[in-house]
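Working notes for the structure below.
Naming follows writing order (A, B, C and D), and every chain is counted from residue 1.
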Amino acid sequence: MTGSQVKARVVSVEPVGAYFLITLDAPAIAAAVEPGQFVAVAVGGPDTAMLLRRSFALYTADPSTGRIQIVVAEHGRGTAWLVRVGAGTPLDVVGPLGRPFTLPAEPGTAVLVAGGYGSAPMFDLARRLRAAGSAVHIVVGAGSADRLFGIDEARDVADSVAVTTDDGSAGVRGLVTDAVPALLGSPGATSVYACGPMAMLRAVGEMAAVYDVPCQVAVEESMACGIGVCMTCVLPVVGVDGRSRMVRSCVEGPVFDAERVRWKDVGSLPADVVGAGAMGAH
Amino acid sequence: MTGSQVKARVVSVEPVGAYFLITLDAPAIAAAVEPGQFVAVAVGGPDTAMLLRRSFALYTADPSTGRIQIVVAEHGRGTAWLVRVGAGTPLDVVGPLGRPFTLPAEPGTAVLVAGGYGSAPMFDLARRLRAAGSAVHIVVGAGSADRLFGIDEARDVADSVAVTTDDGSAGVRGLVTDAVPALLGSPGATSVYACGPMAMLRAVGEMAAVYDVPCQVAVEESMACGIGVCMTCVLPVVGVDGRSRMVRSCVEGPVFDAERVRWKDVGSLPADVVGAGAMGAH
Amino acid sequence: MNPVTIHDHECGIGEIPGTHTHDHGEAGQRVDLATTLAGVTLPNPVLTASGCSAAGRELAPFMDVSDLGAVVTKSVMLRPRSGRATPRMAETPSGMLNSIGLQGPGIDAFLEHDLPWLAERGARAVVSIAGGTVEEFAELARRLVGVPALVLLEVNISCPNVASRGQVFACDPLAAADVVRAVKAEANGVPVFAKLSPDVTDIVAIAQSCVDAGADGLSMINTLLGMLIDTETMRPVLAGVTGGLSGPAIRPVAVRCVWQVHAALPDVPILGMGGILTGLDALQFLLAGASAVSVGTAVFHDPSAPTRVLSELRAELTRRGVRRLSDVVGAAHREPQR
Amino acid sequence: MNPVTIHDHECGIGEIPGTHTHDHGEAGQRVDLATTLAGVTLPNPVLTASGCSAAGRELAPFMDVSDLGAVVTKSVMLRPRSGRATPRMAETPSGMLNSIGLQGPGIDAFLEHDLPWLAERGARAVVSIAGGTVEEFAELARRLVGVPALVLLEVNISCPNVASRGQVFACDPLAAADVVRAVKAEANGVPVFAKLSPDVTDIVAIAQSCVDAGADGLSMINTLLGMLIDTETMRPVLAGVTGGLSGPAIRPVAVRCVWQVHAALPDVPILGMGGILTGLDALQFLLAGASAVSVGTAVFHDPSAPTRVLSELRAELTRRGVRRLSDVVGAAHREPQR
């Protein structure tokens, strides 16, 4: 599950709408990626005050060229550095990390829901689903048109593509989740995959539950290590034994079955989580 | 004395032997430089872990183009960053700082002694001395030929140039100080100026004292602020009243009369320094 | 849920109206930055830090020091002091160590040369005093009360106590209280702030002890004791062996100290410091409970840091629609309104 | 005279033969890195740090953990523990804050799943134990003694003492001694190291107290208490409000603690840690008096940090012509030979 650590040369950094598409030379990583996995990138260069790696979902990974691509939104200091890094710079990258999306045992109809840069892992997933015989419907939403990533590619890899924006600057005005129930209901979706903000994942998961369709979500929790040693990236997840645990999203996720995530308890400590009782004492 | 703080665009960084010649666009600084003054440069870029500025003697300052130049030896982390900075990068530079060399009241014969990148401030000084009617003899020494800076230019601005290297790879094999006594003695030097390592400054100062020639030296103490507020850059200097004080080399130097510096006490706290008695108590 | 609300920015889903405070408020009215420290009103809450701006004069090329809340002068002692041998400083990750040893001209020269310069410019001076004995502190207070420019006394109790085998006053609640009491007895109404060291097991206990002894407020934090070893010479880098660690590296410790003391003593004004580089850093201290802040080591990185921090703070508060500085002081202790 | 000898490099004037140690020694013979901690000989002095490498298994893709001096496992408690709510971490300048709350599977699962994995690989385990009462610590020691892989017990006394209204054991010499004594009584010859907190007025006093109670050695330092306030939400970032500060930011404090304790108790072995990122950082701790080091937060920055630090350390010692590791341990306390 845990990947290798490489010095990946930056091939290019290209603005794509509000995002930056970063292409890296990383054969060891490109060789073994499955959709939903991510990389952890050291930022800031030598003598930086930024100690922690930043995580990014893998958008593409091509074993033949040895290249990988990530889609980066400039957010804080680390991404500000990353989107300005010059071609040729060696980046310290660890990956591929995390549990990927799993394909259904039987072909069927898959609905892929993505918010903002959350579409990054969806294209490869769509291709694999189609290769395995599933029909694929993609819903992509964002705040505005410049925050939609890969609409054209979505059309290539999916049977249908629905687009929403909050401000109506592209596709239908509204939330990405507005477009989901229709897809779940009528043609009879057999699986749902979602990547995007937590609130969206939760909403999609709840919809899928209503229609009784299995739903996998890729969550995005703050991660200090990305490799499972620090315990910072946890969220409460129900195990197969029915008991809830604080589970590491970097190694046991980032992909979870939506129905197992205790959405409303994320960011709190439910009393029935295994070991919560031991917290009271000290 | 204390200069201005500017965002100086990097015009170019060129390797020159073992050094790097860095040219900056800094009109506010270029307007007012005197030889021996320095600049303090913030290093490491945004989110760097390096908090303190690095100091560099001004090599050239051209009020007409608004450009200044410094000669940088790669030493530790800060200079490693600086010599790799891309053209166009805005550097935060404070300067000109410090007390410059003072020209003699009367024209005479000046001997300029430089070690390594210590030659940087000497060319402008030589020009000004000659413009004021003095004869100028330059002695430049370094460990090896690649650490001699500006020999050709020295020939342009001086009446004579002597070159030494430790390894004999250029000029005479030996220490720069080997070449000094001859110049002090026979033609009757009337002033000595030196810039380079502390051991060299001390040796030159002692030779000048033997020949009773006034000698100014530009010292290089570790500086946290460069503007006189932190008290880190001090050395024991005898004042006009004959009493020694721990004196800030950033604002009261870096140029000092050699005879006033208590060379053998640099790095210690002589008991007769003003206020040393108060240290014992706590 | 997450520490940062990136999700809201990325695709607008689940966005809660009004959470994007940083996009609004540009048109907000000007925030009133005036702050009060134990009855002393300062035009704004950004001060220099003792020992990091000398007595203000060297900052003149970079700012008008009267624009600052006040200038906190380098701790002055009775007699002139040479300070320690060099090296006196070393850079560390996001910080620095110093071991100056309180070099200074002594109170006479300070009164003759330094304070008048500040007074002439209409600047406010917080004078930091340091002594090796309780009596020295008292004597310094006596000499200072009534001089122009002085608005507040900061008592640097983070210096070694001669009577107590060099243990630092600030590390002992009783010794700290003795100094505060003695200074307070001489202060004649000038507010007295005790400057605390973070190198203690229980900073709240020291704070309480100083307040009980009459301190009108608390400055915190002084530097942390640290050291660096030169791996080439295999010896300590600093001539003084250990030194004080300052700069952004210590900011989380400083914010925690302010938070703890404000939680325990909410009515005691705090001058907060430790690693402030930006207006947002200053805001952290205010939110934790400081009524004003000192900008120290940042001056070495950027000589115009104090005024830059001030204008950044003004902009940030304006963006948030804050009207009065006092509205944010200690606000992180309160449950959010929304 | 200067903290750095750049002059010598720049023009070779005044160069003293033999001072350029860093240019020689490339051809030096291989340094013997073996180190002894209270009778336990480790093949080299580079260990992981408790809580920063789980129980070693996750490092397998990046190194062979048996190459390390030892793996220090995350502090284990008697019962499974959920840890705190998120956010549990925040980045700070050259450091980070964490407030995990000792999440872990409890001693049963640890003995069943974690230690055997290390034992199978021939790795040495330093097991860190934590409890809320003295009896819990003793019980953990009882459970651990004699299990394969275990070479040393590290007692994490930086956790809150249930009996003492949450005050941390490590901040009270008596409570710290009680824990050490109880663990020692069960340890049956396994060396016991007490892990100290830097958040105390006098770390030497705590160290002395632990040694008097039977500690065979000391691990230092644990994290410093810090906090961060989110200037957008105006609330503490961490769900636990305060957290532990680690990383290079705290290195000068850690080196100082090791230095002070080694100066006072030169015969007590020290496992040093706090902000080690490179081999030279590790060397600083050895020179200050540590016989071995733990690499903690650096693993988050670079998962191969422990083995990288080890090879960098080997190279640096070789370059200096050092034959045996013990030659540099505490060397910064001795006047240089030359």
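Please note the rule applied: contacts are C-beta pairs under 8 Å (C-beta built on N, C-alpha and C of every residue); 3 or more make two chains touch, one makes a residue touch a chain.
Quantities reported herein were computed from a predicted structural model and do not represent experimental measurements.
Contact with chain A and chain D alike is made by B, C. Greatest centre-to-centre distance from chain A is found for B, with centres as Cα means. For the pair chain B and chain D, the distance between C-alpha centroids works out to 44 Å.
The distance from the centre of chain C to the centre of chain D, with each centre set as the mean of the Cα atoms, comes to 32 Å. Distance between chain centres (mean CA atoms), chain B to chain C: 35 Å. Listed for chain A are residues 49-50, 221-222, 266-267, each touching two or more other chains. In chain C, 1-4, 86-87, 93-95, 247-248 are the positions where the chain touches two or more neighbouring chains simultaneously. Interchain contacts join each chain to each other chain, per the touch definition above. Chain contact summary for the complex, chain A toward chain C: residues 49, 73, 75-76, 115-118, 141-144, 147, 165-167, 175-177, 196-200, 203, 220-222, 266-267. By the touch criterion given at the top, residues 51-54, 58-62, 74, 77, 79-89, 91, 93-96, 98, 100-101, 103-104, 106, 132, 159-162, 166, 239, 247-248, 297, 299-304 of chain C touch chain B in their complex.
Residues of chain D that touch chain C in their complex: 1-3, 5, 21-22, 86-87, 90, 92-95, 97, 171, 199-202, 224-237, 241-242, 245, 247-253, 255-256, 259, 275, 280, 283-284, 287-288, 316, 328, 331-332, 336.
The residues of chain A lying in touch with chain B in their complex are 44-50, 77, 80-81, 86.
Chain contact summary for the complex, chain A toward chain D: residues 2-5, 42, 49-53, 92, 94, 221-222, 224-235, 245-246, 251, 266-269, 273-279, 281-282.
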